[in-house]
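In what follows, a single structure is set out as structure tokens and then discussed.
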Amino acid sequence: MKTVLVLEGSSRPGGNTERLTNEMLEGIDRKTIYLREKTIVPIVDKRHDKEGFSKVDDDHDAIMKEVFKHDILIFSTPIYWYGMTGIMKNFIDRWSQTLRDSQFQMKKEMENKEAFVVLCGGDHPRIKGLPLIQQFQYAFDFIGLSFSDYVIGQGNKPGDVRNDRYAIHVAKALNLILKSKISF
Amino acid sequence: MKTVLVLEGSSRPGGNTERLTNEMLEGIDRKTIYLREKTIVPIVDKRHDKEGFSKVDDDHDAIMKEVFKHDILIFSTPIYWYGMTGIMKNFIDRWSQTLRDSQFQMKKEMENKEAFVVLCGGDHPRIKGLPLIQQFQYAFDFIGLSFSDYVIGQGNKPGDVRNDRYAIHVAKALNLILKSKISF
Amino acid sequence: MKTVLVLEGSSRPGGNTERLTNEMLEGIDRKTIYLREKTIVPIVDKRHDKEGFSKVDDDHDAIMKEVFKHDILIFSTPIYWYGMTGIMKNFIDRWSQTLRDSQFQMKKEMENKEAFVVLCGGDHPRIKGLPLIQQFQYAFDFIGLSFSDYVIGQGNKPGDVRNDRYAIHVAKALNLILKSKISF
Amino acid sequence: MKTVLVLEGSSRPGGNTERLTNEMLEGIDRKTIYLREKTIVPIVDKRHDKEGFSKVDDDHDAIMKEVFKHDILIFSTPIYWYGMTGIMKNFIDRWSQTLRDSQFQMKKEMENKEAFVVLCGGDHPRIKGLPLIQQFQYAFDFIGLSFSDYVIGQGNKPGDVRNDRYAIHVAKALNLILKSKISF
């Protein structure tokens, strides 16, 4: 029985990305971490300092511990300025520190996990969101996390995504795929 | 006489991105804003709330006022996880609020400006940094800012970029181009 | 009542791309041009020659006349080496000549049409096929053709795509979307 | 002493791509294959046919034998419709056959070679040519060919590229890099 964790990067509740994620996960048990509710300090790059990274007192380690517990990771973010939100970016930037943290073995932890990405945007997201998909691919490759698939929804006003038949169909397909993975 | 503003997204001083930017701007007067020294609150997307965005008490407005004063904008950021730093992303995310702020006319202000981008990264940046270039293009298009050119440097340890002959040559070319634009 | 034309770039019949296209167009009248059955000479770029392009005696003009007659264009190509097939590329390359051919008004003809793209590939097509989607976008933008949406299927052996639930769901969504556009 | 082979995909002599390639290779011995002068039949994909690929009687095998003899491969193509020319695409498409041809060991041959790419285009090539760079990366990865670097020039009318200071500086950097590689 596999378990699902949603890393939710929206700046507010009830947006299109959250709705599309819910559509995709209908009937699927999951834990959701709303990154906006957490304290995540921007990384200070100390990879090349003699003393290395300084311990940071925020929620990042706790989130990573939760990440390591689950098999299927859903990265869910609205498209802000053609990228992930700054909130999610600060979370991911800190992976450079996690990778060097001796209390974790991040790459080893990631080996048997897989990731899905959920994006929503207002300006031609299925075209202009593609660089973001490529970035997720590069990032997942770097940490050894398998990138299974993604859905990109169109929407401006909250609720719009329900009228995006394309995205809703993809969400349904991913729902079936996820269900068969979980019970496998 | 045109003026140059550098928006510097690094998390620390003295990195490769800063060095490459300095190479490109040798002999050119400019003002630099180190975004890491500023307080920039992540956006809370209220585009669809009745009351609209709430006034935020941080440094974003002051930075934008400085942006509006200059003709040539240099977006300088290390490549973190194949994107701009979270620090710079939070700065750009807030443009959604600036665009709706009646004290500014952001699109009108941008009309006659042009932008250059400086990136440095350690993992095949001239390939894996390309989605980030495409995102800058989409973002600049959205606000009506002309995207003139970019340089992508390779480097891991501070100072490495000096050995990247490709990037140094591009920086020199852009130096000449900038000088002729400024004195035009 | 709108009409549909498929421009099919496969090198052989019965492949996954053709199957996915058929899935998407189930119950929809259309004409299909198999580019492999046509004679299309590679362009010789004479945009800058005094005499301009020379008249070419092949099937390209006849295909373009057919293109102009339809409202919805489906560009259907397997992903070969992360791009469209050379067969389809030679067809598109010649647009540079069509654009300058006084018997046609290509941009004006394209104004009220829209395009869909169908891709199939064997090597992570929903990631590695994305640059091709971006190229179609740039090309369609150039000729003023609206890019409505796309589906990317996974398959190696003929028939594989039927097991790609994601792609089949997208094909179904596009089938509904196309049907409502046609009868509108 | 390493040797250099240029695979030139232009449809005509004397264009900007050729000029930029010459700039990059000034003072460097090389052999150039003008693909437009060769007969290269579009691939017919028979990967999944029982009998496999049929022997094709054209210049492709001879070109590949030449490719295998050299250490540094320059892929030089104008940007046509945001991709490589159909002429070059047909050449590359046939690699699927070469990979399965028992007279060759294509992947083994590629192991110690490296590639450079030269592009020229008229419509924002340093932005809109990037998907093509990504495709070259994917293709080179697939055959195990190392992708060293690239230059993208701007030009419409023949000769324009000489005024592209950026591209000329990159060509000069690559010239130095190539010279040091060759004599290494």
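We just call them A, B, C and D in the order they show up, numbering each chain from 1.
To be clear about the criterion, a residue touches a chain if its C-beta (ideal position, glycine included) is under 8 Å from a C-beta of that chain, and two chains touch if they have at least 3 such contacts.
Here the structure is a predicted model, which is why all the values come from computation and not from measurement.
The set of chains in contact with chain A as well as chain B is empty. Summarising the inter-chain layout, the chain whose CA centre lies farthest from the centre of chain A is D. Rotation angle for the C-alpha superposition of chain A on chain D: 180 degrees, rounded in steps of 5. Chain C has its Cα centroid 37 Å from the Cα centroid of chain B. Chain geometry summary: the mean Cα position of chain B and that of chain D are 33 Å apart. Taking the mean of the C-alpha atoms as each chain's centre, chain C and chain D sit 25 Å apart. Residue positions of chain D touching 2 or more other chains, listed in rising order: 130, 134. Chain-to-chain contact here is organised cyclically: the chains close a single ring, every chain touching exactly two others. All chain pairs that touch, listed by label, are A-B, A-C, B-D, C-D. Listing the residues of chain D that touch chain C in their complex gives 10-12, 15, 36, 42-46, 48, 78, 80-87, 89-93, 95-96, 123, 128, 130-132, 134-135, 138-139, 142, 156-158.
Listed in rising order, the residues of chain A touching chain C in the complex are 126-127, 130, 133-134, 137, 147, 149-150, 165-166, 168-170, 172-174, 176-177.
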